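Shared between the two complexes below is chain A, which pairs with chain B and chain C, respectively.
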Partner chain A sequence: MQARAELLLEIADDELILGWRDSEWTGVAPLLEEDVAFSSIAQNEIGHARALYELAARDLGTSADELAFDRRPEEYRCSELVDRRLPEWERTIARHVLYERADAERLERLKASEDDEVAGLAAKIDREEAYHRLHAEMWHERLKEEPRYRAALEELRPLVDRRDGHSPDLTALWEEMTSVRRSQPAGTTW
Partner chain B sequence: MTTIWEVFRQERRGQPFQHAGSVQAPDERFAEAYAREQYGRRGESQALWVVPRDSILRIEEFVDELNRNYHRVDGYPLKEKLKEARERAGTSRAAAGDR
Partner chain C sequence: MTEAEVWKALAGVPDPEIPVISVVDLGVVRAVRVEDGHVHVEFTPTFLGCPALEAMRSQMAERIAELGAEPEVEVVLDDSWSTDRITPEGREKLRRAGFAPPTPRSPEGPQLVQLQANGFRCPYCGSRETTLENIFGPTPCRSLRYCRDCRQPFEQFKTI
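And then the complex of A and B:
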């Protein structure tokens, strides 16, 4: 596979899976306002995934939907940080903070890319991520003295750059995420 | 401890800010994030004012013991007076329509 498509898929998978994980808080976040804000962040991440998949799909002669939903779970290139199901708010926020910080560095590198399409898309995504960072850092400020939050940061930090495998959580998510698409009768179109 | 923040929204540059609703948030940073998400992310606002509800001076009793209705526009039943004036001038609605 071409290097550019590989890189785009890695980021797109991160954003898609994180968007899905964040959306698991819709309707059950600790405050109504936070529910709206966090669901909106989840939706943005999936929007970023779509744009990245579209670019990768052009290179690979396929479609964004096929890349997002028709691969096997082991083919996803996302980091282990995003594949975990984290039903505790302090762990979710710890992941959010770790992800946004790592993503900010990645976007800075991509914005400096000589590939105009990649640099342009990174700049667009970064403008929305700026609000995600604001959101992540305000929660970090609020929770940083809490032992449970600090423990979650330590627990999850080593997962940020781990991309050589997945937790069983990803398979469960994949089953759910692709079930509607896999249920489509052969020879039909949606 | 959370506070209610009232949010005012300006739709276009130069237009007056109008009350949009409120958000509940523990401090200014959370209030900004929540107000942005709820009143700004669809491009529906040019700018927002976010004000703690307690900072708003609320006034709601307007005493008028002596019924000084001449201070109010409804002190003058303009409709009747206009009708009389039109009749005097011979330019009542019906007459104007005939022309």
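And then the complex of A and C:
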């Protein structure tokens, strides 16, 4: 696979899977404001994934939907940080903070890329991510002395750069995420 | 057909989520080119996850087709759109509809301390005694604020 498509897929998979994980808080977050916040962040992340898949799809001669939904779970290149189902609020916030910090560094590198398409898309994504970072850092400030939160940060930190394998949680998410698409012949429109 | 005619037609395409404002007011039409019966439009999305994008794109294509030309709407995925591109008319239309228009973009991007400070004007009474309720709102492009003077919650356009 071309190096550019490989890089784009890695980021797109992170954003798609994280978007799904964030959407799991819709309706059940501990505060109404956080129902809205995590739903909105999820929508943004899935929008970023779509734009990244579209660019990768052009390089690979396929479509964004096929890249997002027609690969096997083991083919996803996302970080282990995003594949876990984290039904505890402090672990979700820890992931949010770790992800946004790592993503900010990645976007800075991509914005400096000599590839204008990659640099331009990264700059666009970064404008939206700025609000995710504000939200993550606001929660970090609120929870930073909480032992449960600190333990979650330590537990999850090593997962940020792990992309060689996945937890069984990702397969379960994949089953759910692709079930409608797999239930019908390819190309079905609704 | 002239480019001016195309711009005029596109000025009649509303944002599907905030129909008081058109795609031209929003500043998402970056360029229009007319060549041999083909109309090429460069369209820059607002927020990448905005579900209105597809609707805007197809409505622009429909309006151009109604002019008797072949539409080509190219989606440009770079950072050339910012809320600074919303026209002065567009900002006024937003305010009248109860949405506080975005503040000008600063080079360092949004800062929490600024969002939490006063300075954001209530679209109903004009007071600056407003507080941040939530960075996120009903759509990706909006935050929620509350006016202490007229006691009205309102939606503030995010600056991006």
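One rule holds for everything that comes next: the second predicted complex is superposed on the first by the 184 of 190 C-alpha atoms of A that agree within 3 Å, B and C clash if a C-alpha of one lies under 4 Å from a C-alpha of the other, contacts with A are read in each partner's own complex, and residues count from 1 in each chain.
Going forward, a residue touches a chain if its C-beta (ideal position, glycine included) is under 8 Å from a C-beta of that chain, and two chains touch if they have at least 3 such contacts.
Everything quoted here is computed from the prediction, not taken from an experiment.
*Asks:* Would you mind checking whether chain B and chain C clash or fit side by side on chain A after the superposition?
*Replies:* clash
*Asks:* If you stack the two complexes on chain A, which partner ends up touching A:S113: first (chain B), second (chain C), both, or neither?
*Replies:* In the superposition, A:S113 contacts neither chain B nor chain C.
*Asks:* Who does A:A37 touch here: chain B (first), chain C (second), both, or neither?
*Replies:* Touch status of A:A37: both partners.
*Asks:* Which partner chains sit in contact with A:T171 here, chain B, chain C, both or neither? Use first/second/both/neither.
*Replies:* After superposing on A, A:T171 lies clear of both chain B and chain C.
*Asks:* Report for A:Y131: first if it touches chain B alone, second if chain C alone, otherwise both or neither.
*Replies:* Touch status of A:Y131: both partners.
*Asks:* Quick check on the superposed pair: does A:T62 touch chain B, chain C, both, or neither? Answer first, second, both or neither.
*Replies:* neither
*Asks:* In the overlaid three-chain picture, which partner chain does A:R142 touch, first (chain B) or second (chain C), both, or neither?
*Replies:* first
*Asks:* State whether A:S23 touches chain B only (first), chain C only (second), both chains, or neither.
*Replies:* Neither partner.
*Asks:* Determine, for the superposed model, which of the two partners chain B and chain C contacts more residues of chain A.
*Replies:* C
*Asks:* Of the residues on chain A, which ones does chain B touch that chain C also touches?
*Replies:* Correct list for chain A: 33, 36-37, 40, 131, 134-135, 138.
*Asks:* Where on chain C is chain A touching in the complex?
*Replies:* Going by the criterion above, the answer is residues 47-50, 77-82, 109-112, 115, 133-140, 144, 158, 160.
*Asks:* Can you list the chain A residues touching chain C in their complex?
*Replies:* 33, 36-37, 39-41, 43-48, 50-51, 54-55, 116-117, 120-121, 123-128, 130-131, 134-135, 137-138
*Asks:* Where on chain A does chain B make contact in their complex?
*Replies:* My answer: residues 31-34, 36-37, 40, 131, 134-135, 138, 141-142.
*Asks:* Spell out the part of chain B that touches chain A in their complex, as residue ranges.
*Replies:* By the definition above, chain B touches chain A via 2, 23-26, 29-30, 32-34, 36-38, 41.
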